[in-house]
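As written, the chain order gives the labels A, B, C, D and E, with residue 1 at the start of each chain.
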Amino acid sequence: MIAQLDIFVGPEIQWFALSPLLILLGGALGLLLVGALTPPWPKRLYAIVSATTAGAAGVMALVLWDDISETGPTTLVGGALAFDKLAMFMTVTICIGVLLVSILSDDYVHDTPNRGPEIYALYLVAALGGIVMASANDLIVLFLGLETLSLALYVLAASNRRSSESAEAGIKYFVLGGFASAFFLYGIALVYGGTGTTNISEMVAALQTSIDPFSDDTLALAGIALLIVGLAFKVAAVPFHVWAPDVYQGAPTPVTSFMASVGKVAAFAAMIRVLVVALPFYKDDWRPIIWVLALVTLLGGSILAVVQDNVKRMLAYSSISHAGFILVGVEAAGYGAGTSDPGPGVPAVVLYLILYSVLVIGSFAVVTIVSRSTGGDTSIDSFKGLAKRRPALALGFTVLLLAQAGVPLTSGFIAKFGVIQAAVDVESYAIAVIAMVCAVIAAFLYLRIMVSMWVGESTDESAVTIPFSMGVVVTLTVVFTIALGVFPGWLIDAADQVTQYAR
Amino acid sequence: MIAVIEPTWYLLLAAMLFGLGAFGLMVRRNPLIMFMCVELMLNAANLTFVALATRSGDINGQTAVFFVMVVAAAEVVVGLGIIVSILRRRPGATADDLAELKG
Amino acid sequence: MADLVWLIPAFPLAAFLTILLFGRLLGDPKAGYLATASVFASFIVAALIYFDLVDNPEDQRENVVTLFSWIPVGTFQVDLAFLADPLSILMCLFITFIAGWIFLFAVGYMHGDPKFSKFFLYLSLFVFSMTILVLGENLLVTFLGWEGVGTCSYLLIAFWHTRESAATAGKKAFVTNRVGDWGVMIAMFLAFSAVGSLSYTVLNESAETGELAASTASAIAILLLIGAAGKSAQLPLYVWLPDAMEGPTPVSALIHAATMVTGGIFLLTRINPVIEASYDWVPTTMAWVGGLTALFAATIAMTQNDIKKVLAYSTVSQIGYMLLAVGSGAYVAGIFHMVTHAGFKALLFLGAGSVIHGMHEEQDMRKMGALRKFMPITAATFIIGWLAIAGVPPFSGFWSKDEILLYTLGKSTPLYIIGVVTAVLTAFYMTRQIIMVFFGEARWTSLANAEEAPEVAEGEPPVETHGAHGEFKPHESPPIMWIPLVMLAGVAAIGGIINLPKLFGIPSGTATRLEEWLHPVVEFGEADISGTWAYDNKYLLVAVAVACALFGVMLAWLVYERKRIKPWEPSLFEHGWYYDAAITWFMGNPGRDGFQVVADFDAKIVDGAVTGTAVAVKATATEARKGQTGYVRQYAAVIAVGVVLLLGWFVVIRGIL
Amino acid sequence: MSDATFLEYVVFFSAAVMILGGAIGVITMKNPVHAALGLVSTLFGVAVQFVAMDAQFLAAVQVIVYSGAIVVLFLFVIMLLGVDESMDLSIEPIPIQRPLAAVMAVGLVGLVAAAIIRARDALVINPGDGIASATDAGDNDANIRQLANNLYGDHVFAFQLTSVLLIVAVAGTVLLTRKWPKDAPETESSDS
Amino acid sequence: MLAAETGPIAFPILSALIFTPIIGAILIALLPKSRPEYPKMVALMASVATAAMSIWLMASFETSDAGFQFVSKHSWIEAWGISWHLGVDGISLFLVVLTGILFPLAILAVDAHHDEKSYLAWLLMLQAGVMGSFLSLDLFVFFVFFEIVLVPMYFLIAGWGYEKRVYAATKFFLYTMFGSAFMLVGLIATVAIASREIGYTTFDLVIIAEQANFAASTGRWLFFAFAIAFAVKVPIFPLHTWLPDAHTQAPTAGSVVLAGVMLKLGTYGLLRFGVYLFPEASYWSRNLWLTLAVIGIIYGAIAATMQTDLKRLVAYSSVAHLGFIVLGIFAFTSQSMAGSTIQMVNHGVSTGALFLFVGWIYERRKTRQISDLNGLQKVAPIFAAAFMLVMLSSIGVPGLNGFVGEYLILTGSFLTARWWTVVAAVGVILAAVYLMWAYQRVFHGEPDEDNKKFPELKLKEGMVLLPFLGLIVFMGIYPKPVLDRIEPSIDALITRVEAYTNYEAPEPTIQLRDEEPADDQPAEEPADEEGEG
């Protein structure tokens, strides 16, 4: 039977609700076009524009947050986008990330011969892609967002033309990324075959309504498997983590911080979208897998980190083990997914994401500062005696590292606490204990860095200069870390509201 | 009694194509060819989409293919850009040569 | 008056504190006089209380004086309280009296020692602890004194701590005592768990009324016996006492002869109802331990050449007598012997000290002889002491020993024989000592001071203080040293009167007699031997005892003076049956090795497990990172593996199955 | 129209041969140029299959975009870099790579195929309202119009998003190809 | 809740106890490097103020009240039901006081050999953390403090320790954190399970303890999750091996604090979060703990005997002493538990003092090896005398503080755990063995050339020591005031245990059953243990 083709009615577009995306897009275009047409802008200006854009988008997101509190979750543009608190929370998180990274990049970019606005434009666009992933209500849209983010990241990773390692990182990330997104796409296709749609709302509806014993959903299951592959690749979960250490180490440090913050946030948001929002129907199928992934990721990340001697690489592995922690939260979120009582899983995850992304940006900011003075050397020896040369910086880094280790009165502890609480709440004690033990193993590497800073005798007396912008970032992140560690109440309250999803 | 070949055939064909693509990416060392293999995989996905669209008589599948093509195009641009920027510096470098970062 | 009993320990304590603060100001000899005065003050107080109590009727001779609540937790209420009763007062009397004279002697003996004031600091602390020990109203207060005297003895034995042997001896004494204390503590726990109190009154009453189960009573008694064996140097824990002679001689006299070492006997006497309430084998065990120790130590004493060692082993032997008495239920006799022994043994030690002093720190009897010409007073007093310990009537030792033997025979014949043999040996080795020291030819003239100098361990202050050793000549000690000798000689001579047996029509029935005096304390435990064969043939026994004493003296005289018989000094005896050596060896080798094994176990196994884990993690990581080869295609392969696994789970496990 | 079906079979299998053959060519050809040609054949085959499945518009786009643009781009790059010399495929630096890859590929295909075959007669959940074919109903634009409606209807946002994707591509290439001043000395691993 | 009703008090003394050191630390951190004399001043002022407050606390403590006093409770993280809930009772009171007193002394006793500023700052942070752990009545708050103390301690060891300091510090940090990992999970599980009964989520210790009671099996799991952390902290054999390293490598002040108060976090935790929170489980598992405790006593003593490093020796002696405390806790009699509580303080005083001595010896001779030291008593008699007194207290000689605690523990344990006690008492002998042997080797004998010039006790050091010695004697002779304040809380605890189990605290009575109690058979065994001849 053939569709009625005469009259065409386009879907209404809620421009206001899309404002964060539009702002980011506008900022990016502005930077590109104006930047291309005008002579190079004075220092800091690109960064300021990009940062303000991100800030504005974040503020808009906060405004929309309140709207959602009143109207409740809905979908936008013909069901392409979800308009709910999960989306907004992630939007804010990503915007914070972009804000900080933009500031951080200022002096870095200024050191490179290429002072153009492209990097910032790519940050903004990538952020846009991330937000789309976080708020996608259609797997195709999700895929497009994913590709937007990924493509930007491939370029950014390779953006340091001076360094062969940057290039290597770029191509590795690109090839493997393409590989993974092919799987993801194939997964979408198979799920489409299994459920007859790519739209999450329709998918949920279809799965909940048409349950009959004769239909066989093996196709959908295969699709889910491949979807998980794609997402696991993005969040760098063992064994799909292989790219992460090399890319994190090779990419320019500000870009690394961007990947570790925005990239991870978007990926996990997408994971929640796909698994918790779209496929609660199959939670009994995917929860065990996530459990296993969490386990191997925790172990792999923390154990492999122990023997590294390059700080960037250490942090890469530590971010892998953090991903394991977040996966624990996702696993917990699966327990109540789709039921009337969603449980603390998703709030714990989003809380972890926002706290961790700030944390990791701060850490990499310190690495950027140090590597500037050592001519790009980020080996652990280059941190020796930092406390003598730059006590304040060392103290800040110490705070950030302790936070990553999950020491109380830092945001890192709150994050871990939330996740463990979620896991315990759904009685998956085993993984909770394993996670904590892995945290102990991982703590060893943070201690190693601290030792080389505080106890080690500095090898070279090259003065570590702290550029203004980077100093600002470190200060902000440290303050944030401690403040949230001591008074996390309001943020937790906000995260706890992320339980109703637009379907 | 229009006996259109049932989609399963196409799906199996796509699966094989996908597998070949994946295999190729794992065995070839020339980055360009590895990239071509990615294209193969994407095409396999496309084929699947269309086949399934036909199966369930739903146009969305075909629309999806449309987007995938755009993605493929963009990916090619970026990917080739990266490859060029590397191979210009190190002519004839294979994927295995780019293994400074490890451990 | 009895309420002021706390004054008895108070005086020495005051002296202790004063010397602690102003010891250096007072210095030599004022500190000594101060300490002496304080002790005599305590003696006076004790005497007053004694007369006070004597007037009371028997049942009102127990006064409990509570100072304050010491350790109160729930049902466990222990006060710092004193029990002023005949036994404790008696103890205080002779302790303070003898201590006083020894202090006086020490003032002379320690003259010129740089640590003079510290010496009296320790001594005062000791007397304080000792009085606490005997006055304690409950086991814990006694234990306070018990450990206190142990500590003081440790400090005083190791007084010349620069000498390795002294240090070791002090440690040995303390640790060996601790072994005994273990018994005492467990006994206390048991007592508390049984009767819910540590007070002697409660404990003894529960024993007298039979509430205390025989098993518990036996356990307490035996455990306390262990304690007594430690403190009173009985088998198997006597080993520390001979070494304790490393300490200055007054210390040996006071602590390791007269007072502290009798603490065990006192404790057992204190709880005599408990012993009575326990199984029969318990007192028998005590008796045998005592008897064997007495014989054992006597045999060793026969062969020692160190003037102090002889006395030390003789002390062990004599305390064995006392324990024998306790075991035979002859508590009064035991205490009696304790008192008399305190007198003459203190005398003998001080005499030995005087001799050593006169011989310039020479202790080897083989290098003495014929000293009676040079130090007549010392000699005379020493001889009195000798007669007393040898059990020659009418000297004090005779009476007490005789009574013990009497009761022993009442208990069992073999023990009696052991006692008699020991008596012979006692007489023998004491005579031997007398002869070697004061009679015979002078063997010291032959030796020059040159080789005598190194003999005195370096860093022993008195040596220097004795001026230049030019022409060596033994000299009599100054009056401040021989006056105490004379006083104690008097005690040793007539000390027996406090408890003469009812013979020869000596007037009886006066409370002054020890037996009546102690009656309220020991009435429950005291054995009744009237009607036994032994009791009926007292005179015979007396005769036997006297005969033994004389025989022993005679024998020794023949051997060492007349040289009629070759001296028989088997090295087995000389080395104390190799018992001490055996223990030392055991501790030194297997014991130490065992400890080392544990230490190594800790380092290698327990800690090894921890570090091993760390190493394991590192190794795993080092292996795992090899997987991160850096080859893109291999990464792809790894991812593919993951893909296949996931597909396998979803398609096969979840989908098809 | 049994012959039609036969014809369809012929079409299907010949196209399949083109596809797989081309793919195998991509994998096995020593020379990148030949590999690119293999890619072309695959793409054409896919286009043919599209036609066979009433996706005429997609088929057209496939030919234009892929074969027309993308492959040309590939070839252009190959020529630009002059990497068109043959590469010896007989050697494999990483020992277990090939067997592993083979096993994985087979496993992958096998598992997916298993899923496909098993889901073969599973009835379709919420079927769509049919695909307009240019061949029947005499409306040659049916497929295009339906596609357009869908594209600018439900998927208008995604459609807009593709533009963002292109922006990324543009910005990215600019960033990557912008000439760096004093770029001359290629410092290997000056960074990190 | 129950705690909140005790009403607001004029001055939040407990919070002040925690924040005064923190403020001090921040001040020090802000001080300019140009004025090197200020930091010490500030540190002393802050710590002395804390000490004064803690003493005031003790003075105004309601003796007969078994419950929590000076309670202050403010909501902190509502979302998770976490409140800033502080309170002190007889069990924690003296630990708080000890913490208050120990730190100024530790600061005064030894100067950091470099970078005094951060050294003092870390010390004050440490004090705040320890205070917080003793005062907090909220599971979350407790965990926060329990965990946070690791950081300053880590930096103190790693920054100002001796040759193997980094290894020791890392070991200490990771080992303890490993224990806490289980506690965190157990803690959260406790709250989660309790909330199902209470109806709302709260981390409030008192509320959970009062209103929730766990199924036996659940409670046991939870209890062990907690117990592992505390067992590491105490440390209980075989989880003790971090202690010798940490103690040996830590700077003197660090060792003093570590031995003085930080080890007590474990035993205190066992009382407050083990016995109080899970009476059934702790009673059920008592035999395990008793056995481990006794092993620790003997084992620690033996290991201590064979140490060649004086500081290591003292460290191992801590293992033995803490064994006594654990023994007392799990004997569940008012005597033993009160004994354990008071012994926590006593051990803090005497072992703290011992570590001071070792530190001073190291300052003077730059060695801790026993074999390098001899004859010190001749050259430094006062030093030796003071050491002797502390040593005697550590040996447990009556009349000194060590005895009171040990004796109470043993006599109490004997009622419920007879045979364990009989063996544990052997530890009293061994204590004499290892300490006196060490004393002989270090202080007795003739000093050789290196030790000839050993300086006598300085006046400042004497001043620092006086409080220690005073406490040692006073607590030994008149512990009544302390015990009076401890006992009510202990009795309440025992009543609680009785309420949750079939256990009945034994009333010592005339025993008539005729079993065969301790005969002199074990008497020989100590004789064997006596160590080297």
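By definition in this document, a contact is a pair of C-beta atoms (placed from the backbone, for glycine too) under 8 Å apart; a residue touches a chain by one contact, two chains touch by 3 or more.
Here the structure is a predicted model, which is why all the values come from computation and not from measurement.
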Intersection of the contact lists for subunit C and subunit E: A
Label of the chain whose CA centroid is most distant from the centroid of subunit C: D
Chain closest to the assembly centre - both centres taken as Cα means: E
Remotest chain, subunit E as reference, centres from CA atoms: D
Pair sharing more residue contacts (C-beta pairs) when B-C is set against A-B: A-B
Centroid spacing, where centroids are CA-atom means, of subunit C and subunit D in whole angstrom: 102
Whole-Å gap separating subunit A and subunit C, where each centre is the average of the chain's CA atoms: 79
Mean-CA-position distance for subunit D and subunit B (Å): 5
Where subunit B and subunit E are represented by their mean Cα positions, the distance between them in whole Å: 66
Residues of subunit A touching at least two other chains: 3, 140, 144, 147, 151, 154-155, 158, 161, 164-165, 171-172, 175, 179, 183, 190, 193, 196-197, 199, 216-218, 221-222, 245-246, 249-250, 308
Where subunit B touches two or more other chains, by residue: 11, 18, 21-22, 25-29, 34-35, 55-56, 58-60, 63, 67, 71, 74, 78, 81-83, 85, 89, 95-96, 98-103
Per-residue multi-chain contacts in subunit D, two or more chains: 93-94, 97, 100-101, 104-105, 108, 111-112, 114-116, 118, 124-130, 132, 146, 154-155, 158, 162, 165, 168-170, 172, 176, 186, 189
Full enumeration of touching chain pairs: A-B, A-C, A-D, A-E, B-C, B-D, C-D, C-E
Subunit A-touching residues of subunit B, taken from the complex the two chains share: 11, 18, 21-22, 25, 31, 34-35, 38, 41-42, 44-45, 48-49, 52, 55-56, 58-61, 63-64, 67-68, 71, 74-75, 78-79, 81-83, 85-86, 89-90, 95, 98-103
Parts of subunit C lying in touch with subunit A, wherever the complex brings them together: 617-618, 620-622, 624-625, 628, 630, 632, 635-636, 638-639, 641-643, 646-647, 649-651, 654-656
Interfacial residue positions of subunit D with respect to subunit C in the complex: 93-94, 97, 100-101, 104-105, 107-108, 111-112, 114-115, 118
Residues of subunit B that touch subunit C when the two form their complex: 22, 25-29, 34, 95-96, 98-103
Contact set on subunit A toward subunit E in their complex: 402, 407-409, 413, 417, 420-421, 424-425, 429, 432-433, 436-437, 439-440, 443-444, 447, 450-451, 454-455, 488-489, 492-493, 496
